[in-house]
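The following pair of complexes shares a single chain, chain A, combined with chain B in the former and chain C in the latter.
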Partner chain A sequence: MSEALAIAAPTAGKREPGRLWIVPPAALLALLFFYPLALIVRQAFLDDGGAANAAEIIRVLHSRFFLNALVNTVTISVAATAGCLIVGLVLALILAFVPFPGSGFIARLIDTFIALPTFLVTLAFTFLYGSAGMLNSGLMEVFSLPLPPVDFLYSTWGVVLAEVTVYTPFILRPLLAAFSLVDRGQIEAASVLGARPFRIVRQVILPAAVPALIAGGSLCLLLTVNEFGIVLFIGAKGVITLPLLIYGKAIQESAYQVACIIATINIALSLGLFGLYRFAAGRLGA
Partner chain B sequence: MLVWSRSGRLLIWVLFALIFGVLFLAPLAVILLSSLADQWNGVLPNGFTTEHYTDVARGAAWNAVKASLVTGFLASALALVSGTWAALSLRLQGHALKRLLGLLFFIPSAVPSVSVGLGLLVAFSHPPLLLNGTIAIVMIAHFVLISAFTFGNVSAGLARLSPDFEQVASSLGARPAYRLWHVTLPLLAPYLVAAFGLSFALSMGELGATVMVYPPGWLTLPVSIFSLTDRGDIFAGAALTMILVASTLVLLLGLERITARATGS
Partner chain C sequence: MSAVAFTGPSVMDIDAAKIRGAGSNVHFDKVSVAYGAHVVLHPLTLDIAPGEILAMIGPSGSGKTTALRAVAGFVRPASGRIRIGATDVTDLPPYERGLGMVVQNYALFPHMRVEDNVAFGLRAQGADKALIGERVKDALATVGMATFARRYPRELSGGQQQRVAIARALAVRPRVLLLDEPLSALDAQIRRNMVEEIARLHRSLPGLTILYVTHDQTEALTLADKIAIMRDGRVCSHGPTTELYRRPPNRFTAEFLGRANLLPVTVAEAAGPKGFATARHGDALLTSAGRDEKAGDKSLLCIRPQHLSLTADSEHTNRIVGTLREVHWQGELTHLVLDVDGTPLRVSATKLPMALPEPGTKVPLFFAPADTSLLPEDAGV
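Up next is the complex of A and B:
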């Protein structure tokens, strides 16, 4: 539209009417998203009378429940992202460079996990690793144990394992795209010249994967910080993250101001990670 | 081929099967198994039954499927219109404004869904904008959360579109509206269908914002599944989860076939 208008009316500096088309979708998003977001921040800093109250903020920031949730959120997010990077890299290397019959189908199957609800995995883990699950029943039967021996599901590690399953596809997708651009001739030449597979991976393949790893990793950090369903479904008393704390304060305790204070911090953390992701993805595209 | 020896390749494939089996295959298989399990005291179920499916079909399932499909359809349709509109009109902006607005349209995907729900509760619980307790607030929450994905998909499609067709159309004298309707949108169609499918799937699985804002009587599939498992009824929860997975996959496959037929490939 802009080219056509530029030819028809070469009046430089005059505003094109086409520019105003952006207003309806922008206004819709402003009303339904940015306005509520601003109100969360407002309610975090002001009490019901409209006066600023720093005391409540300081009380929340020093409270045990908030610090616990913050530490849990960061620990789970970092551990799950590290797990996703390792698992994603191993799977992508095999799918791209040691393919087997049907590997394309398997790659697509893993990709559909992106479209499935995250809590599905937690529910499945209850049947697999729960106290009455398959693994524990099997071990108790074989070794005639009186108590279930495997007990990691209702801890931080249960959440981490579930998040690794759910978010590995987000690493796999950019990695496979990056690997498809690696020159196969270079790899064959290196191996004909006697380079061991590890050396080829380190010196030829990994450098090509670094941008995808950084972009995928920062996306995983963001998504795991925001994850809600997995933690809610595990339902362990000791594993409370920031999103779960917001839900608990707002819905179960009706403490909206506390919820808004925590939400403001959670949103700031997420937007910081979003900035990191955009920066990394921008470098990847460049 | 990175590994040449037969034994080395076999070893690597066993490693792959192990990771894939434990992380991806086992969860899906076990959900299916448990939704059909009669009683489960040992390693494997003691017997099989379709009782959980008939139970949820008599109880929550039908309403939950309806709530999820209606919410997903309306929210995705609105997100498709607004995302396409935004992506198209963003092309008319100057460089700096284009970058800034492009970033702003992506931000809803970065904010935790629970906070999106909290914001809607805070903003729309008082007149004149009293939406708390209505079905509309659920739709709005889903729309906000998926709008960034629709916008991103359509923008990516626009970026890949060859500008030649549009330039030829306008040099032949096509007016902007005609060109948009008869050239740009048909070329974009595969991306629009893909965007709609992805946002529909995301909406079907959405839990964080829904659990904050849902009114009584409008329990989506994820909310119903959570209330079942929270009561300890995990087998019925598994059956309802299978219904959710099946309806999502049928939807995605159906849309994929429509795209394939439309593009003639």
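Up next is the complex of A and C:
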């Protein structure tokens, strides 16, 4: 017993090496992230004069502008995520299972979208589908039309289309990774047993890709909920999302408490989605 | 009952009795496969009779798996036609060919229970619920996995997973069962047991035509009615298993199937009415089963390692002397390597003299004329 204590004593008193290394990153995080976050949450409960004002929270939550922005945000992010899932799934199935020369090149090309700033696609869309864009100019010239016939770009669906274009690679990448792990023998066995391609996709391939779909989908949802550049750049009439509303209230109207209340809700929404993403990514093994 | 997926007899049409009575033949009619300019299967003409097990064996890259995949529909022939029964399946997709297939890594669907794996093909072909239940039960019972129906593949051993894969292939009552190196992923003991189980299975389903691709000659010799030996995309020999083993037509077959010893000889006297020829190797005059060799022909005398003996008796009348080079004891067998005028001869013996001679000493070897055959020296294909 005494021997055991003698052995245990020095190790108990000894400090774990490198234990203090947690301090610099924690301090940096606190300074750059948690403190400003805490300031935002605190400001949500104080009016612009610094007095406590919880009633403003209730007023904002019931206001038309907030509810509109919330509905717009959810509609756009859900629609864009659904679009990304559909386009990403179809593209991934083609790239992974339909052999054609250059499929690897196409996959890498799609990947490069991740590296581009989000508003760039919007800018390109303006050149293509905008009022004075190539499509409208062409149609007006060919059919001698007085007004641009295509104007979806400056609506909710224009924002959705731009977001689908920008964020589909975020679905495509995990799906391609998941598909690369699907045993080709399973597909062949299913085919020999009489299963047609659609059944094979539904019953053999998709079950293997569910974690990738959830992970990619929740990441997409998270990014589209917080998307600012695309919505601002398109400038669609009446399409105000939560990030755009926060910008408007804080920068244009100097209504800081309102901006902070909305920002707090936006943060809660984002953290919830991030939790979902981490859970799904954990199941995928990412 | 819904429509069936493939054009041949459907899973609903064929009952167990019919399977036992009549399988389908497979006919390769000058089938070749090429990837660009690279020909991996030269024109192959071959017939697998109904209810027959044909083993295709050969080294890696010999074209055996390509031939099987052409039957399955995963490889499109560059030329030729493939018929299963009366149906030309060359242009049919795999799901319309009415086959079953078992591959090396089992390829079970990991998210489905054993019973759902087995039912997969039946559901894909639109079989009704009652029939699916019955067939799944039968197929699992056939492979001894009835009690594992509710398990997931990950909860089974390799051997059990392979049994489920076989049950899944059998449940659709295939016209032809394709087995692509089905036992390669299993360890030696389980592999031996599975070979016996497949043999038993075929005895219970004698009408089932099986194309069995393997690189393991023991599996082929144990299971196959006929063997096709592949080399460089060509069939270099094809025939009944025992015939091919006892009288290999060429050097490659003799060496690949059973690692035969090949001793260069000169035919002294052509085969007589009893089918025995005499041949000379150095001073030794040897008697061997002959074909159509003529006196003076250069030939190879084919002797299996287990047919060489260190002791003479009334049957082992041929005698040849070699120098003992190596002795490898492997428990139930002892392998000896002797040098006979520069030709290495392998001997596999279960019984040996109490005192083995030392390496380097001259040792007489005896063998029976009936255990040998002659093959032309230039038949190296």
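By our rule, the second predicted complex is superposed on the first by the 261 of 286 C-alpha atoms of A that agree within 3 Å, B and C clash if a C-alpha of one lies under 4 Å from a C-alpha of the other, contacts with A are read in each partner's own complex, and residues count from 1 in each chain.
As a working rule, a residue touches a chain if its C-beta (ideal position, glycine included) is under 8 Å from a C-beta of that chain, and two chains touch if they have at least 3 such contacts.
Fair warning: this is a prediction, and the values are worked out from it, not measured in the lab.
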item: Chain B versus chain C as contact partner of A:Arg278, first or second or both or neither; value: first
item: Contacts of A:Val90 with chain B and chain C, given as first, second, both or neither; value: first
item: Which superposed partner A:Gly185 touches (first chain B, second chain C, both, neither); value: second
item: Which of chain B and chain C A:Ala195 touches, first, second, both or neither; value: second
item: First (chain B), second (chain C), both or neither touched by A:Leu172; value: neither
item: Contacts of A:Leu116 with chain B and chain C, given as first, second, both or neither; value: first
item: Partner chain in contact with A:Ala208 - chain B first, chain C second, else both or neither; value: second
item: Partner, of chain C and chain B, that touches more residues belonging to chain A; value: B
item: Contact residues common to both interfaces of chain A (with chain B and with chain C); value: 188, 191
item: Sites on chain A touched by chain B in the complex; value: 1-4, 16, 18-19, 21-22, 24-26, 28-29, 32-37, 39-40, 43, 87, 90-91, 93-95, 97-98, 100, 106, 109-110, 112-113, 115-121, 123-128, 132, 134, 137-138, 141, 164-165, 168, 187-188, 191, 197, 200-201, 222, 225-226, 228-229, 232-233, 235, 242-244, 246-247, 250-251, 256, 259-260, 263, 266-267, 270-271, 273-274, 277-278
item: Sites on chain B touched by chain A in the complex; value: 1-4, 8-9, 12-13, 15-16, 19-20, 23-24, 26-28, 30-31, 33-34, 40-44, 82-83, 85-86, 88-93, 101, 103-108, 110-116, 118-124, 140, 143-144, 147, 167, 170, 176, 179, 198, 201-202, 204-208, 211-212, 222, 225-226, 229-230, 234, 237-238, 241, 244-245, 248-249, 252
item: Touching residues on chain A, where the partner in the complex is chain C; value: 183, 185-186, 188-196, 199, 203-204, 207-208
item: Complex contact set, residues of chain C against chain A; value: 4-6, 11, 72-74, 93-101, 103-111, 120-121, 124-125, 165, 168-169, 172, 178
